[in-house]
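Pasting the structures in now, so scroll down.
Two complexes are shown next, each including subunit A; its partner changes from subunit B in the first to subunit C in the second.
Moving on, here comes the complex of A and B:
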């Protein structure tokens, strides 16, 4: 009886769902709404309207900049939550860390030291060139974070911590949301809307400059957050 | 086709074939060798010799320009990083007590 009832309910629920699926446009049909609304407009007018040759940058920083603003705030909040849990004052925390069980290999140390400047250069390139080629703040920030982790392993924590001076750290970790707020308010002052970008003739360089500043903010913030997470979890070990 | 073009074309084929061969051998080794150390050894051969030869073939095929320089730079990067990561993996495994496989011991472990 119960099984029959469940089967009947499932069939009743399945009929409207299946009929809706039948109404959907066929997969990859060129006239489906996914390809006819904003996407086509973005592809055709994105570069001139939003100011970056890389359409992805146009979408995430200009057309949907508000969404990205929320996104970087979520990332920063996640860091704050992790720090709040891991940095709880505990009685048994020892001040002196035990020496690492295994000394860092000479080969690894040499190669990381040799490549570190190139990795840093590549990160800066990915961040600064994000409005022209694939890349941008999120990708470059990840490369920066990986560099911080590699240097921490090779140089040891104390040396690596000096790369990011302690008073500057909170500002670097919050760099992405702060940059968005600053550019957003600048948009109110200049264009009249939050995160508005000037698009009229003589002011297009301002728009490009703001896009690059946002990329730098996202990159620095992302790298600082990844590095801090690594340091905090290593100290917890 | 000038003789120089023919030589460059032949070299491209040789290096690309060499790269494909080393990737095949490395993949076979990764799947068939008995323990972590020998598998790491096989896998890093793919990256160094295999990818190195393929990138060299690409650079030869492309001719002398900026793109070829970038390809050579990528090959140099792979030649530096791949053996380093292989070394770090094997060293960490050995120092934390993983015992390398030996043929004469293979019977005991299985029983």
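Moving on, here comes the complex of A and C:
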């Protein structure tokens, strides 16, 4: 009974999805919009219409800002799901063998300590400069997350955890969707549409500022999520 | 020349993909997968997508490898 119900629900969900897929232009069709006018329009007018010299940033934050809004929400939801599974009460799990102590070699310790400030600077550069050069919040956030992982391996968990105070963590993990909601509502207030960007003459700096704020939100959120994932998976219980 | 470079990279990519599937040692598979990501990163860059190349290098070659290794350290190393 339950199985039949699930199967019926899946079929009901599959029919509209498949009919939409059937509507799509065939793979690599030369007359599909992507090859006729959409790409050309983005490349030609992207910088003036959307406010960033890097066309990729124009597309992901402005033209398709809704997509990215959903995307960061999905990433945050995925973290919530992983935490919900990994943080189950420990008596429900099988007996765990103690994790082998991992001695960190002097070379690794020295290199990470030496490189950490430069990695941090590079991450900030990639995030803040994402509207001009390749990069942006997602890339810079991952670099931040990798830095958190490297520091955790070298400093040990206790000291690394102190770098990020516990009460601030949920806000940092949710930074990306929160930033999108704030900028989206600012768009309603100023332009009249969710995630709308002001494009008129004297207000173009606002548009660029909003793009940078979105990049910072995505970067902080991404870094916090990757760091938390590593901490949770590696934590001894 | 550029085409030769492309063909070499794609050959390497396919070799990595086959090796990942064939090896029974999960730690080796994680490292080969990281090499796969590195080759993929070069391909993205060569095809003119530096944004994706950066993501591939940071996520594919860096973070996921670490997460795989942590998972292997907490479970078993050999595939059964």
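The definition used in the following text is that the second predicted complex is superposed on the first by the 192 of 237 C-alpha atoms of A that agree within 3 Å, B and C clash if a C-alpha of one lies under 4 Å from a C-alpha of the other, contacts with A are read in each partner's own complex, and residues count from 1 in each chain.
As a working rule, a contact is a pair of C-beta atoms (placed from the backbone, for glycine too) under 8 Å apart; a residue touches a chain by one contact, two chains touch by 3 or more.
This is a predicted model, so every value here is computed, not measured.
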item	value
Touched partner set for A:149, first subunit B, second subunit C, both or neither	second
Touching partner for A:138 - first (subunit B), second (subunit C), both, neither	second
Subunit A residues touched - subunit C or subunit B, whichever exceeds	C
Which superposed partner A:180 touches (first subunit B, second subunit C, both, neither)	neither
Touched partner set for A:210, first subunit B, second subunit C, both or neither	neither
Which superposed partner A:108 touches (first subunit B, second subunit C, both, neither)	first
First, second, both or neither for A:231, with subunit B first and subunit C second	neither
Set intersection of subunit A contacts, subunit C complex versus subunit B complex	none
List of subunit A residues in touch with subunit C within their complex	54, 56, 96, 99-100, 126, 134-136, 138-139, 142-143, 145-146, 149, 226, 229-230, 233-234
Subunit A-facing residues of subunit C, complex	50-51, 53-55, 58-59, 62-63, 66-67, 70-71, 73-74
Of all residues in subunit A, those that touch subunit B in their complex	101-102, 105, 107-108, 111, 114-115, 118
Subunit B - residues contacting subunit A, complex	77, 80-81, 84, 87-88, 91-92, 95-96
